Structures are given as structure tokens and as C-alpha cells.
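These are the structures in question, set out in turn.
Below, chain A partners chain B and then partners chain C, in two separate complexes.
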Partner chain A sequence: MARNKITLEQYIGFRKKKEFGEKRKINVGKIVSFTFLLLFCIVWLSPFIIMFFGSLRGYSDTMLYPKELFYPHSGYTLENYEMLLLGKLPEGIGQVNTVQDYKIGTWFMNSCFSAIGGTLLYLLVASMAAYAFTFIDFKYRNVLFAIIVASMVIPGAATSVGNQSMVYSMGLNRSLLALIIPGLGGVYGMYLIKTFFESIPKDLIESAKMDGYSNFKIFYKIVLPLGKTVLFVQGLFGFMGGWNDLIWPQMLYGAKDTDLWTLQVGMAYIINNSKTSNLIGSALAGGVICLLPVLVMYIIAQDKIIEGMSSSGIKG
Partner chain B sequence: MINTDNKAVDGGMEMPTKEAAKILKESGYKISNSEVDAFVSLKDINKIYPNGVQAVYDFNIDISKNDFIVLVGPSGCGKSTTLRMIAGLEDITSGYLYIDKVLSNYTSSKDRDISMVFQNYALYPQMTVFDNIAFPLRARKFRRPMEANVSKAYNQAVDVIEHRKEELTEARQNAKDKALNFGTAVEYVATKLKICDGAAKILCKAKTTDVESIRRIAKIKIEEEKAKLTSKGYSIDKEYRLTKNGEIQYHYVKMSNEEIRSRVFEAAEILDLGPYLDRRPKELSGGQMQRVALGRAIVRNAKLFLMDEPLSNLDAKLRVQMRSEIVRIHEQIGATTIYVTHDQTEAMTMATKIVVMSKGWVQQIGTPGEIYRNPKNIFVATFIGSPAMNIFDAEYDNGRLVFNNGYEIPLPDETISRHNSYYEAKIKDLKRMLSTPDFKKMHALKLLDKHLFGGEKAFDVSSISDDLDEILGITADIECASDVKSAVELIRAESRTDRKALLKLREPLLTFEKIPSSDIGTLHNAQVFSKEEIVVDNTLYYHKPKKKKKNTKLNINLNSTDIEFVNNLYEVANGLLAKCESALVGRHPIRVGVRPEDIVLNSEFEGNKTEKFVTTANIVELLGSELLVHSEFAGSDIIAKISTNVLIKPHTDVELAFNKDKLLIFDESCGDRI
Partner chain C sequence: MKKTVVLEEYAKQRSKRIGALKKYGITALFLLPYLIAFIVFFVLPLFYGIYISLTNFQYGKPGVETFNSFLWFKMIFDKSVMPGVFNSFWLSFTHTLIFSVIMVPIAIILPLSLAILVNQKPPAFKLFRALIYMPSIVPLTAAGTIFTLLFMSKSQHGVLAEFFGIDIQWFIDNWFSFDLFGQEIEIAYAWIPIFFMCLWGGWGGNFIILSAGLQNVPKHLYEAADIDGCSPMRKIMNVTVPGIKPQLVLCLFTTILGYLGLYGQNYVLSSGGPSIAAIASMPAGGKTSTIMYFIQDIVANNLTFKSSLYGLGAAASLVYALFAGVISGIQMYLTREKKTGTKISEAYNKWHEIR
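Moving on, here comes the complex of A and B:
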């Protein structure tokens, strides 16, 4: 066959490819949906952008908002952060309306303790409860579980006053443990973990039982390694919840116990104190400080979170 | 937990409750029975699920050591439930289970010393094959002699350095190069040089291979340990075991790593799993996963192996291969095995003893040959064997079998006498059954319920007077007679009566004792295997959960006891009796079974055969060495298995005959083999 000749069989495929490559159909639906998504993306991102750039503007620039959002005429400055973290007031600010010192470091540590410690402890309690509800046959198991799940409908705000008085009567009103303990009875995470545990074949547990393993050993040797992903997802949820919680720590600790405040309570206080428009920068800087750990954590664990969420069937 | 040191007490003794508690506590809840002789023994095992469905009826079997028992039956026949009850994964409702002559009903599954292979392998996905197989070994503590570990390690280490220096350097080099299947270099060196882990650790950590320096350290350490042990009163013998007053001391410890390794390698060798030890189950094929599951079961040297349809997830070729593999392993390690399957081929090829089950009832127990040649009833006959046995409807007429196309087979005298004695025995048995109080009560109930649930609300006493008389007559000699009598008198006191009064009469009749399970089994088979179209409810009776009835119109609880009879056993028994009686008199329907290989070519077969018959071969299947000829005879499809010496073409006429010695006759009404 000559070089420049092709068979009809080949030509059909060739033409198809050519068509596909050159005249790709313009998909209107795709463009519309893309535009909408982009729009929402911008709307979603804009507060973060404003927050970030706003926090970098100096004390004297803040009045020129929003005209100079991205290009403050006196340049970017870290004075807002200095004010929050080091207590160094910028020049010419005069009398700042502070009653309490900003103890960002302490608040940060408190938040970490509440979020990380609470999450770990909750994971332990919830996964053990989920194991018991899934694999151990005890009397009234289903009834008990139904009651526990039914308690999910009671809003947290309704029980918070009761929780508060209980924690106080336990003598924990001056202790950080009060941040953690009431949360350990949470149902949602336990329910999530239980749903995942139910997908573990019962054979594995029965086989291990026949080999002579106790429930606790089966729990940490078989069920926990298999349930890693769901524990990770629940861990993230728990961390976010603990980190972002404002009402509960605010209820627990009074205005004078600044050493016990969490970052969120502190931030609320800072924002309260920054109501004059020239102090807006410090409030925004506070927001960035709050956001940063969660953001960093998300970026590190992004893959695992997505994998875990899809495997445990959580949407959105 | 059962304390293994205690001696078992005989469970058959009778004594007051208090004493029983005391004796049980002393013996560590270990009970034996002098009558139980077999290695594993199931006595009258019943399983009723909480929802009232009875899955297993009176399972009885004695299993001796090294047996390979196969439970076989269609799905839903209770074979897996039985296995799970033996394994301790399912509670036993009633009956006794003896494993190694110890009552094991209430021991937890981990204390029964059983290992099990599951249908879906149940491998731990996060562990390697090695860890999977080693998993059962890491669970519990074993009785081992106490050892002087430090002395042992140092002595071995010194020994290796002195005499096997080249080996050591080679092993250490290899350990660095490739960790092979081992987690750590220490483990590799220990396995390679066949020394304990402690010694390997010393050798790996030692910076020099200078004999003198290591010997110096060893001396100090050994002296230290010796001083410590002698202060406690122990002395060390040649094999580093600790002795006290001349006796070797034992303690319960976890299995050492080197022992686990040697056991896992041994199992892996038996199963050809060597190259896969460091893989995870995900990376294995189905057959390999199955072998790992087997390895996990055999590594523990358990008393009893249980296998729950282990081959059903494999493809056909692999299944055949694994079948012989399992038989080979069974012969190699000789463990007693109970194997569950729905595949009769597996059962026939693997078992030393087959248990055929149907709908919770054991139909027959026997060796494969026995079951194939002498099936007890029509279910076993058709279930075992492939292709299935041909069943014809025929009539028995004074020693002749008459098929419905007029074909006749005269039966030998021996068969005729067996036929007669079978029916005589059956009649005797049914009469005994019907004379028991429970059946009498059921008879009375039948008479009563005719009126009670007839639709009317009130009756004239005169209209039911005859039946009342009959009820009185039936119940005259059983223990509730006086109650019945008083109830009847109460009814007769007035001219008209209503349902309330009749229900009063029903109450004493509803108190059943236990009907022997063998009787229920007979009647169950009579319903399931008979040709008559009865609406068969497979649950003959069940324990109705006590529940308050809401909104009853009558305002009376109809279920005065907790047993409700779904089927009318009395009617079934009565019908069976009538049929058996008529069978002895004259012509009666019967079923004839012929195995495919016993339908022979008339021209080929030389033995004792029946008259030839001509039929058209509809389909001919070539199986290589044999032909399967599908054709029709006497109104039913038949399959004949014929050797390929003669080529038979489809849609041609063939001359066939039955092998007369192998004809099987089944009773029409209850499916039993005559």
C-alpha cells in the first residue's frame, strides 16, 4: 500500500478523531454551571480575602477602607498582630479600650487542649460505645441505642444550662476539664462510627473470639485499624467543633477568668473591643489567628479527609 | 473459664439443687457423662430462634477422633446453625453438646479449643499473611516450663561466636541486605541460626565479634541471673529450665516469637504459602486467601476443625483443587473436622461420614457409600448423586411394580416380604403414636374446634352432644379426664351454650407433654415428602411468645398455653395410618427410584436386568467417558448414564432396561425407603 493511501476502515476512525479534536461541542450547561460555581466561590472567599488583607493594614489606614483594600498607601504592616500577640500598641493610638490583657498564647493553648484533648477522649469513648453496640450482644441493646439516638433531637442549647450546673457541682468551674467532659456524651459521632463498624464483617470478630481474644483486644487489634478512616473524619469534626465552640466556654468561665478563656472567647472579647473603625484591623488579625490552625490542619490532611468522607458516606 | 486442672464430674448424677451448685463450683464447672463415648457428641440438639422459628430439630451424632464429617443439605436446612452451635457462636436451645467428653453447652467459644474456617475467609485486611496466621497463637497464654532466659541467650550467643562465625557474618549481612519476610534483622538472624531471640539480639547489638569480650560479659550476666534465681529457690538444669526440689516448674506465658515463627512456617509449608507471607490479603487470589484461612485454623492444633462452606467462593476448577488439598491436609494433621456444604459432590468426595439434613431434620447419617447405595428416604436419594436419581410413579400390585404405561417389573420374594414387614412395622408404630395422651388430646381438640371455629356464636347442646360424648370417650384414660368431664358437665347443664364454655373445655386439652421428636420427624417427612398437595407449614409447632392480645373481640385469650400447633399432627398421623393399612391389602401407589447409571443399554448389560423398553433419546450429552441420555419413560423424564462404547444419536430410539438389583422403592406417603 502506498504511503499516502489509507483504507476506508482507517479513514472512518481518522475522521472521527479529527471531528472530535477540532469541533468540540460547546457545552452551554457546563459553562453556566462553571460560571455559577465561580461566582459562589468568589462570594465564599471574599470574607477571607478581606479578613486577610484587612489584618495587614496599619492603624492609620483603616479609615480608607474599602478603596485601598489591596494597596494601603502606607504599605503592609504587622502592627495588628504585634498588638494582639505582643501587646505592643502602635504609635498615636492613644487610650485603647482594654480592660483585660490579650493573652493570646494562653487562649491558644486552652483551645488546643479543649479541641485536641476533647477529640481524642471523645473518639475513645465513642468508638468503644460503638463497638459495644455493634458487636456485643447484651440485653436491651436495641432499646438502649434507640433511646440514645432519640436524645440527638434535643438541641445542645437546651441542655447547656443543665450541663453547666452539673459541671459546677462537680467542682470543675475553675478547670479546663469542664470544656471536655460534657461533650463526651455526644451521640452523633458514636452513631457515625457505629454505622461504619457495622460494615465490618462479623466473621472477623467471631473468628478472633474463637481464637481466644477478649473484646478489648479485638477492639484495638482489629476494629480500630479497620475503622481508621471514620475515626479520622470524626476526629476532624470533633476538632472543628471544639475549636469553634464559643457558647459553652463563654458560659463556663466568667469575665475575670481570662486564664481559662479559649481563643474563641478571647476573640469575641477582642472584636468587642475593636468596635471603633480604626481598630478593625486587630479584629481581623484575631480572625486570622483563629483560622490558621484549622486551615493548616486541613491542608495537611486533605487527602485523608476526602477519602474518609467518601468511605463513610458523608456528603457535602 | 474452665480450669483445665480440675477433674470433671459426672453430669448424670441426681442431687438437690444446693448440692449441685456446690459440686459444680468445686469441679470448675466441668461436667462429663459416662455414657458419652465419642470425641464429639451432640445429644438432642434443638435450636429455636427468638422469633419462634425452629432451625434444628433433635440433632444426634457421635463423632470419633480423626473423622471428617460433612453436613450437607439444601440452603436453609440448619446445617450452618448446627455448626455455629458447636462453635459456640449460637446458643443451644436444648440438648447437650460434649466436646472431648466435657459438656460444652455453656462454655464460651474460646474455651472450646476449636478453630473455624469461614465462608468469606475472615482474614484481617490490615495484617500480612504471616500476622494473620500467627494471630491465633498470640491470643492466649500457654503452659510452658520456666526458663532462665538470660543464661540461655548468652550461652547460645557465645556458642555461635565460637563455632559458627561464618554463618553469623553471613546472616548479619543478609539481614541488612534484605529483611526478607521478617520484620526485624534480629528475627532473621534468630531463625537463620536457630537460636532464641535473646541470643540474636545480643549478637546483632554486639559491636565486636571478639569471643573473649562477649564471653566476659556473658559470664557476669549469667552469674547475676543465677544468684537471683537461687535466692528464690530455683535451680537451673541443662536445658535452662528452672527446677524446684527436682521438679520442673511451669507457668503460663505468651508464646515466644521463635515458637510462633516456627509454627507459622510449618503451616505455610503444608499449604505452600511460603512466598506470600509478607503480603496482605488484598494482594492474594481467592485460592490463596482460602489457604491462609486454613493455615490460621491449623496453626493452633485445635481439637476440632469447623469449616463453613469454605469453597463456595471459589471458581469450579479451584474448588476441585482445594477439595483435594483439604483432604490432604486432613490426612496430614489428622484433626477431627466438621465441614458444612450444600454441594453433594464435596460431601461425597471428602467425607468419612455424611450427615444429610433437610429443613432442620437429620435425614440420614452414614459413610458416602452407604448413603449412595442405601438412602433412607426419597430426599436423600434424590439429593445425593449427580445427575439426580430418576423417580417414577408406579403402583405396587401383589409383588409386581406396574408403571403407568403398563410396563411391569416382578419383584423378588425378598423385596415383597420387606415391603410387607415395613408396612406392618409402620402401622404398629403409628398405632402406638396415636394411643399417646398427646395425640388423644389433639383428636379431641379437632372434634371441638370444628364447632368452636365453625362460625356460629352459640349452639344447642343437643347438636354437639355426640361430639361431646366422643371427647369424653377419647379422654377417658388420660390424666386430664376429670377436668374434661367437669367442663362437659358444665356445658350440658344448660340447653344452649356459647363459645366461652367451649373454650373452658379446650383449656385442659391444650396441656401437651413433649411429643417425642422421632414421632414429629416421621410426621414431618410424611408431609414434606408425600405427593399430596397439602399446604405445608414447615414449622410444626413453636413456642409462642407470651404477649398480651389487644382488641380481642371475644376478650378471651385463645392461647391458654404457650404451645400452638400449626399443623394438625393428629390428622397427618391418622391419614398415614389409613394409607399404610390400605397398602397391605391391595394395589397402592409407590415410587420407584433408579440411579442414572442403573438404566442400562439392553444390548450391553449382561447382569440381572428387567425387560427392555424402547424410548426416544431427546438430548444426548457427552461427558467424555460417559453419555447422559435424556428421554421419557412412563410419563416422567429420565436420565441414563451410559458408557461411550455405543454412540447414541439424539432423536433416535434406544433400547434400555433397568438394573434389577439396584431398583429402590419408596413409600408414596412418607418417602421412606422400603
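Moving on, here comes the complex of A and C:
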């Protein structure tokens, strides 16, 4: 009896100790990871801050007082932005651009057109195809879909050169449409939307058909609202992909047609042109302009982007 | 009597026909826009690219080309045809491979360890997750401006040179060279800015996917490991890593593919240079050229190459695509079971039960 009692007390003490110890241990783990993550984020986000403050620094400060990164010697100035957007050069800056004019406004609009227009059009076309593949029965449906999915193995590089000549033969090589239209055949987004549509219960569609809904009505009234999560995620990634794309616009418009350049191509040119301390400020300002739309979108829809990525495994 | 039957039959047939037309018409309406785009901008260009690589096709002048008995492929695979092109192609290839071998493990292990830290759920872990992914959304060129500022030389007051006194011409100087199969390979300092740019913003996707995978690892396995007295390291190796194997495989292959297609960082930061004297007049004749750079140099950046070597670009892109296609084929085979979008059907079932 006595032995038993002691054991029980010992046991309770052991439990208490264990709970206490475990709790403390978890706290230590959390504190360690918190500190480490905090340090990591500070280091990793510092380039953003350097870029932002660097763009607000006049060219003479960059040359004469390069160590004053965050508080420029003669105060913040917008001359870099004025130089890019309005073409107003600060005095004494020297030669700015050797070959092509900066047309940031045009490039920005081209990028917007390519990213927004391309994404919306692709969403429409791809979700319609995904609807057909999921809810309409037709001959060879599965074979056709399997062929399309299997073609994902072929990387974009295999088709890009052919595409370039194709676009030329169609007479689109001097048109902004060439940024959008070739993307409409993209497989991955359609595949993603289709896998999502498959999770919409078939009964729902069947009963809507019984009630006399036409396919368009079902598509518009039932499938699109239910699939808006995946459409939104795909739209975000389409936008970012279109905005950040460098290779395809370069292939299309090369070195000459500056009116058709997208912001990425133009920025690459600006950077190559401003690897000196008097011009780097303007390149940083261009970087801020280039980053801003994507960053704003990310801050607004950050939850959705991360959730969408983790559920579908899209790579950004 | 007879007539009515015929009429009925006729009506039946007609409605059937209209039904079929309606059905196929609808199918076509839904499917055709996509299918046309897919065929015109994916299937046809693939074969057109093969055709271009087999002829002396000139960009902008279709229709006058003739078969040139695999000249472009011979240039790539046979040194004696045109040594300059051969050298610059395989040098770019080597650069790409070496850089991938260095970069891919980092781009898996760093996000994995960060994901494990975030998975401890410290205060504000959602904010950390969002912040860690943030560099990956930055456009290449915007990131390029920052890293140009950091790595400018001392005379141009680059940040590194000013604050740490590192006096290296990052985009000009040669770092070291070594011998590979009798071919001297020079590694330029310019790879370091490229490396840091990839290190900064090249693995955010992996991080998100891996941390999503970590949440699916069953908790009781960790508890069991605790009872057995496993060290944290052992827990990671024996519980965490097997638990997120599908995500790891996906990340591994997409990362390999990503770095095989490395182009933007090199173009923005170093323009493929500093050039190698022996092959400076060849496409991608620089010390930081990659295989994508080789292709892009021919078909986009340089008008001389574009008019004289266009077919070579097509041939090189096919060689590259074959290489990358095998890798992505393996990846698709390994990750073929995918579970997505169960949420809607769950919600529907719930709703159905309530009703």
C-alpha cells in the first residue's frame, strides 16, 4: 500500500516534470526558430530596401557619398523617376543612353497588355476547354486529353524557334498580339483547371441539365463560380508569368522594335546601359516601377497565392 | 397511315440530327479555341522547328530553304565542322551543368530547413512565410538592378566594394580556371553575382511546396520518435524527409529544369560576358554563357547570327529540349498521382447531408 502511494506520487511528479519540461522545450524551439527567421528575413529583405532608397538618391550623391545608403547626403529626390518617365535629365549627368531611347511608359503599357490581356483570354479559353473535357461527352475525349497532357513533357524551348518563324509567317511579328496568342495553347493551366473541375460533383451538372440548363448556362452559372478559386490562382500566376517573361518578348521583337518591347526587355537594356554609378539610380527606379505591380498584387492576394501554390504545386 | 409513319420517322431522325449537331457544335464551341491554339502554337511549331533545323532556313525568308544534310547537328556534335561553334556550345553546356550541380542542392536544402523552422509555428509564422516567398515574385530585371548596385566595381562605388572593401571587377575579372577533359574552363567572377541572385530569389516555390508538405506529415510519427528518444536531426532524416517525399521529388526535378534553362540572370547581370578571346565571335562565346543563352543569342539578341545561323538555333533548342524533356518525363512519371481540389466536393457532400 505504502509502496503504491509513493509510486503514485512519484508518477504524478514525473508527469508534472515531463509536462513542464516539454512545454519549456517547445518554447525553446519556437524562440530559436523565431530568432533565426527574423534574422533571415532582415537579411533577405534588405535588397528591397536598398533598391527603394537607392532609387530616391540623386546621381551625384551616388557618386560622391556612396556609403550613405538610406539617407542620401542632399536629401531624397525624384530625379531618377523624372529621368525615366519624363525624359528630364539632371544637369551634368553625362551621356545616358547610347543606342535606344527609354520609353518606360510604352513598355509598361505593353507589359500590362501582355500580362492582363493574355491572362484573361487564356483563362476563358482554357476553362472552356477544361469544361468540355470534364462535362461534355464526345468521342476520343480521353485520348485527346491524354495526348495534350503528355505533351507537357516537351519543354517550351523545343517549340519556341518554330513559333518565332510561325508568328513571322502569320505577319504577327510587328504586333503586340504575338505576346498573347501563342500562350493560349498552354497546357499546364488547362490541366490544373480541369483537375479542379473534376472535383465538382457530376450530380450537380446532371440535375442542372435535367432542369433544362444549356451548356453555356451551366458553364457560366455553376462551373465558373465554383471554380473561381482555381481560376483566381491560375490568373495570378498567369499574370506574374506574363509580367516577368523575358525570353519570348526578346525573341519576338529583338533589338530593334523598341516600341513593342515589354518592360522586362526594356529594363534589361536599361541595366546593361547603366552599370555606372551616375546611372544606377535610374536603373533602380526602373526596377521599382517594374516590381510595383507584382508586389502590390502579392501583398493583396498573398494568402491565395501561397495557398494555391501549396495545393497545386505550381512553380512561380 | 403510311405517310404519318414516314413523317414521324423523319421528325425523329431530324431531331436526332439536330441533337447531334447541337451536341457536337457545343463541344466544338467549347473546345475549338483552345485546340486551335494548341495545334497552331504548339504542335505545328514543334515540327516547324525540326524542319528549320534540317534546312538552311533563313529567318524572315521562308520558302527558299533546302535540305542541308544535318549540317547544324554536325556543327554541334562534330568538332571538325566548325570548331568555334562546337566549343561555344559545349562550353555553355558545361557551364549550365556545373552551375546546376552547385545550385540545385542549395535550392532544396535551404528552403527545406526554412520550412522546418516555419513549421515549428513560431509567433507570426504566416508573416514569415509570406516574407520568405517575397523575393521570388520579383521580376528578374528588378532583382538585376539591385545586384548590379551591390556588385559594381570600386571605381563605380558598388555597395560591396564600398562597405567591405572588396576590390574586384566582378563582371570583368577571371576567378580561376581548371581542366576538364583536356578543355580549359575559365570561371569568371561574374558567376558570383549570378549565384547570389539565384540564392536570393530562386527557390521560393520550393519553400511553399515543402512547407505545405510538412503540414501533412502525421504528428503521431513525431510523438513516436520522441518516445523512442530520437535526436532532432534523426527525426528530420527519418520522419520528415520520407513524409514529404512526393514534394521533394517535385521540387528536385522542377529545380533541375529551372537551372538547366538558366538565362535571365546571366543576360541581365553580365550579358554572358566577359568574352572568351578564342570564341568571342561565336554565339554565347562568354564565360557566363548558358545553353539557353546560346539559343537566345542566335534567335534573338544578335542580328548577324539570326540571319546566318538561324537553323543552328533551332537545332540547339531541339538538343536542349531532348535533354530537358527526358528529365521532365521522369518527373511526370514519378509525380503522376496528384491530389488536388478536394475541397469543393467535400463542401458539396456536407451541404448534401444537411439537406
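Assume the second predicted complex is superposed on the first by the 267 of 316 C-alpha atoms of A that agree within 3 Å, B and C clash if a C-alpha of one lies under 4 Å from a C-alpha of the other, contacts with A are read in each partner's own complex, and residues count from 1 in each chain.
The rule we apply is simple: a residue touches a chain if its C-beta (ideal position, glycine included) is under 8 Å from a C-beta of that chain, and two chains touch if they have at least 3 such contacts.
Bear in mind the structure is a predicted one, so any value in this text is a computation, not a measurement.
**Q** Clash or fit: chain B and chain C on chain A?
**A** Taken together on chain A, chain C would clash with chain B, as the superposition shows.
**Q** Touching A:273 in the superposition: chain B (first), chain C (second), both, neither?
**A** In the superposition, A:273 contacts neither chain B nor chain C.
**Q** After superposition on the shared chain, which partner residues are touched by A:41: those of chain B (first), chain C (second), both, or neither?
**A** After superposition on chain A, A:41 lies in contact with chain C alone.
**Q** So, A:222: does it touch chain B (first), chain C (second), both, or neither?
**A** first
**Q** Which chain, chain B or chain C, ends up touching more residues of chain A in the combined arrangement?
**A** Of the two chains, more chain A residues are contacted by C.
**Q** A:151 contacts which: chain B (first), chain C (second), both, neither?
**A** In the superposition, A:151 contacts chain C only.
**Q** Between chain B and chain C, whom does A:208 touch in the aligned arrangement: first, second, both, or neither?
**A** Only chain B; A:208 stays clear of chain C.
**Q** On the A-aligned overlay, A:258 touches which partner chain: chain B = first, chain C = second, or both, or neither?
**A** A:258: touches no partner chain.
**Q** Please pick the stretch of chain B from 23-31, 401-409 or 635-643 that overlaps chain C when the two structures are superposed.
**A** Among 23-31, 401-409 or 635-643, only one stretch of chain B overlaps chain C, namely 23-31.
**Q** Residues on chain A in contact with chain B in one complex and with chain C in the other?
**A** Residues 201, 204, 226 of chain A touch both chain B and chain C.
**Q** Residues of chain C touching chain A in their complex?
**A** 23-24, 26-27, 29-31, 33-35, 37-53, 57, 59-60, 62, 114, 117-118, 120-125, 128-150, 152, 156-157, 159, 162-163, 171, 200, 204-205, 208-209, 211-212, 247, 250, 254, 257-258, 261, 263-264, 267-268, 271, 292, 295-296, 299-301, 303, 306, 310, 313-314, 317-318, 320-321, 324-325, 328-329, 332, 338, 340-345, 348-349
**Q** Touching chain B in the complex: which residues of chain A?
**A** 201, 203-204, 206-213, 217, 222, 225-226
**Q** Would you mind writing out the residues of chain A in touch with chain C in their complex?
**A** Against chain C, the touching part of chain A is residues 29-31, 33-34, 36-38, 40-41, 44-45, 47-48, 50-51, 54, 62-63, 66-67, 69, 125-126, 128-129, 131-133, 136, 138, 148, 151-155, 157-166, 168-169, 181-185, 187, 190, 192, 195-196, 198-201, 204, 215, 219, 226-227, 229-230, 240, 243-244, 246-247, 250-251, 254-256, 263-264, 267-268, 271-272, 274-277, 280, 283-284, 286-288, 290-291, 294-295, 298, 302, 305-306, 309-316.
**Q** Inside the complex, what are the residues of chain B that reach chain A?
**A** 87-89, 108-110, 112, 114-116, 118-122, 124-126, 135-136, 139-140, 296, 300
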